[in-house]
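Below, chain A partners chain B and then partners chain C, in two separate complexes.
Then we have the complex of A and B:
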């Protein structure tokens, strides 16, 4: 078994593009769910909006890349408004139902045969990332970080931009959540009627929360599209949202760095298990499965790991045990 | 984003409406004087009402939970709202404070019509309520709960929240005010604890203190003393009287009549959704309408001593008359009748 390969793959995954994408998606969800208590099950839609905004603007309409970015951010806000206006005055579960449906609608629209000329149907769109990579300051080549991690120059550029976005988002959330504004959000999560009785416009704050989390989600969409230099509709299925929730709960909801650490651990572990199993099969250590079966088995193991986590550390890695104890009262 | 909207639509507090009570003397005495000579009819007009309610109706399916024709709450006084379980007191509070939308009716606060106004706007103009089922914000600390109550916070708008230097000073002032209140409510030792870790009674105290952080003109307390231990109740009663001394108006729901007698200047009685009587705390419980409401209309009316004697005398006279007419003086039937009459 090639232990160096296993370790280096896992380490690369821990700081790689998937980690960045899911960290951003989960930071957005953290604003929604962790801080405000909004059950948004349609985070994938915000990623899709970001990714497709760039792709359509550049590939379909031949407009500048940065215009695509601006449109993506604006559309994320519009989507938040569309989801929020009808549902935020209603009970919490309505938002969950509406968002899960909205995410599917977004995916089905960009996948539609009738709109193939605009969105590219099931094949999606390519060829929109040239302006982004033309800004790449890293000369072509392979870059070694430490002795075990290596990325090519394109990935280096995506990761640099991605981690800068993660850092900015975390700093923004840090500033917001220690401010009186963040206090109102957390209070809404606890009991919105109490917050109303204290003269706060709960609807407005929920809307702001939905927008900010959605915009951060669209950043994840940008990185998703740019890292692959392509978009396909089926990348933005509900599964993406559920992984983002997994990442959030793993790291600890309502913690600034929870989503980041959660994403890093989730992807590092997933790759560690995958590569480990594959290597073990290849080396003949494990004989009862084939490498083709590893893909399914790794999710079983991840599921098992999550169950153990929730049993022994329900607050997540960063969470506060005392808060969980309060729920039992 | 709605960055400044939240701040902008905060209507300026009706600062002009200072209570007309004297600032030097004893407001309690003044408040009592304001009620002198008022009729005890439901809906009686008050000399200086802060809240005037007309024809508020709330139905749940076939049940009319609230149907209040007219009621006025005197400014600067402590008014108790009493009534049996299910009388509609909490529902009435919910209508007035915008937490539930009434089927009909209108009401004014400081002369301004506020029916249909959103709950948070009603709180902002100075009418703040607490809840019968306490709403402590569990995962916020006691101090954070208190700070949340303060109004017009600069740091509560999105963009300004990002620049701490803009709101630090205000936050310090708020914190100081919060700590003073916490000390008054004997919660200062708990300031850093999660509100969810407080006991039931402590949560009641916290909720009341938090409502005061809003700086209300009218405080509406839904059973503020429920579950609070008697020793603390005494100090809470002191706090409520204090509110009146500071010029606030208090409307509170309470089941404990000793407490109502102790602190209220006026009592409004609700039963089956309607205001059935009003009056001073000393005499309201002997009002027949109130007694009927609490014990049911067809109960045996308790007799006063004189009445009892009179009935006894009547029965005896009847007995004697019968004895004079009939030959058998020891008739068991007449005996039984007499005893029944006397027994009442």
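Then we have the complex of A and C:
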């Protein structure tokens, strides 16, 4: 077994593109779930909107890249409005069902054969990331960070932009949650009726929270699309949302850095285990499973992890148990 | 050829269909694949059928003779792909399911495996077929399609209803929105699959066994999992997210053991359709619908007239009040879990007779169940029933206007619109749920 490979893969995953994408997705969810207590099960839809906005603007319509970014941000706000209007006045489980349904609607629409000319069907779209990579300041080559981690120049550029976005988002959330506005959100999470009786427009606050979290989710979508230089509809399945939930709860909901730390630990652990298993199978140490089955084991572990976390440590690593909206109805 | 179907079904109005068709078994030496192509009991000849093995290497091909029969010997037991060349089908005849031109079948030691392809009049039948040879008249044909789609929608709606009743009752009695309910369908279908293929039991025996196993599993699930969480005072939203983790775990455990390819039961894989007025249906789907209706009526009567049913409704209404009037709430909840899991398993098995078994089959139905339950009113058993039927019929009939692949989108959009206009659902009581 190649231990160096396993360790370096895990370390790369801990700061790699997956971590950036899921950290951003989870920061958005943190605004929804951690701070406002909104049970958004459709974060994948916001990522899909961001990713497809760039892809469709550039490769289908041949318009500039930054227009695609602007459209993506605008569409994330529109999606938040569309989701919020029917459900934010209703109980938490309605929002959960509607958001998960909306995520599936988005996925099914972009993979439809009838709209193949616009969205590319199940194959998705490519060839939209050239103007992003043309801004790349890193000369071509392999970059070694420390002795075990290495990225090529394209990944380095994606990671730089990605981590800057993560930092900006975290700082923004920090400022927002320190402000009176943020305190109203937390109050809504604790007791909606009390806030309403103080004369606050709860619906409007919830809607703003949904929009901000959704826009941060669409940033994750941008990075997702650019890091792969391609988009496919089935990347945005409901599993993505629940990975992001696992990341959020692992790190600790309602904490500024919870999602970031959660994402790093989640991906480092997950890659450590799956690469370890794959290597073990390849080296003949484990003989009763095949490398194909390792993919399934990965999802089983995430499911199991999510269950165990919620049951035994709902506050995650950094969270505070009193601060998590788990009993609301 | 094998002894084929005995279908026995009691339909809503009391219609009885008894269909028997049996043919003498003709055993030959060694393993092989064979079948007969017929359309409305007329043989279809001159159709090319080819077989490749698991590695994709050609094994042989054959052309159906004057009796519509074909036979291709295979070298050994194993998995084979049988492909019907659709271009060689005669004018006016087409495959009923265009995407099932290639079937994957298992051939056992010394087995002459029969492979059936469902043939329909060119263009008629399933959704998505546009071209038809010399239609009788535009509007008559349109209404035939409406009737056919309505029938298929009813059949889908009944399966959704069977799953949704359990989902709704569990929600009503415990407050848990169980995102793992779809996996209970899948689990039931695969349990029956194991009994059916690995243990060689006929599906008619394997299915009730699987339902019984599911009931025990449901009971155990509440006894040692959900019940424990309730006693720990785990919040309702925590439990919802736990159920998502459980769903993921169960789904990928099934992927781990059974792989990603579609599976099918040994019996009732493909059947000749029969014509009932404007509707063409396979006997198995009629039997499935009869079973679904019978079970749903039983559940309804049970809820209305038995002690445990009344207790269930009382707990759903107000658990604290029910407990104080002497109802053992935990016992009621456990029975609801057992019954809900059992009906979900039954729904999964019946779904498995009309489509391939896959680890995601339950997930695909889950959102439709949610749509049905929400449409009817969360927590009401009869609302779930009505809502599911509407969702099923709507999904199929909507393919008249929108592409078939988008039909689920239509149903989910309707779900959102209903929440805007009448959030308590069709049968839900008007009360503040915000």
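In this text, the second predicted complex is superposed on the first by the 305 of 329 C-alpha atoms of A that agree within 3 Å, B and C clash if a C-alpha of one lies under 4 Å from a C-alpha of the other, contacts with A are read in each partner's own complex, and residues count from 1 in each chain.
Here is the rule we go by: a residue touches a chain if its C-beta (ideal position, glycine included) is under 8 Å from a C-beta of that chain, and two chains touch if they have at least 3 such contacts.
All values reported here derive from a predicted model rather than from experimental measurement.
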| said: Quick check for you: in the superposed arrangement, does A:195 touch first (chain B), second (chain C), both or neither? | reply: first
| First, second, both or neither for A:74, with chain B first and chain C second | neither
| task | Go through the superposed model and pick first if A:172 touches only chain B, second if only chain C, both, or neither. | result | first
| task | Please indicate which partner A:245 is in contact with in the superposed arrangement: first for chain B, second for chain C, both, or neither. | result | second
| Can A:280 be said to touch chain B (first), chain C (second), both, or neither? | neither
| Which holds for A:229: it touches chain B only (first), chain C only (second), both, or neither? | neither
| request: Considering only the touch criterion stated at the top, classify A:297 as touching first (chain B), second (chain C), both, or neither. | output: second
| query | After lining up the shared chain so the two structures overlap, which partner does A:1 touch, if you call chain B first and chain C second: first, second, both or neither? | reply | neither
| note | Max touched-residue count on chain A (chain B vs chain C) belongs to chain C
| In the superposed arrangement, which partner chain does A:317 touch: chain B (first), chain C (second), both, or neither? | neither
| task | Pick out the shared contact residues on chain A: the ones touching chain B in one complex and chain C in the other. | result | 326, 329
| query | In their shared complex, at which residues does chain C touch chain A? | reply | 175, 177, 229, 232, 234-238, 240-242, 244-253, 255-256, 259, 363, 367, 370-371, 374, 378, 403, 405-406, 408-409, 412-413, 415-417, 419-420, 423, 433-434
| said: Considering only the defined contacts, which chain A positions touch chain B in the complex? | reply: 77, 172, 175-176, 178-184, 186-187, 189-191, 193-202, 204-205, 207-208, 211-212, 322-323, 326, 329
| query | Hey, which residues of chain B end up touching chain A in the complex? | reply | 1-3, 5-6, 9-10, 97, 99, 118-121, 123-124, 128-131, 135-140, 144-145, 147-149, 151, 153-158, 161-162, 164, 167, 171, 194, 196-197, 207, 210-211, 213-214
| Contact footprint of chain C on chain A as seen in their complex | 39, 41, 85-87, 89-94, 96-98, 100-102, 104-105, 108-109, 112-114, 238-239, 242, 245-246, 249, 292-293, 296-300, 302-308, 310-311, 314, 325-329
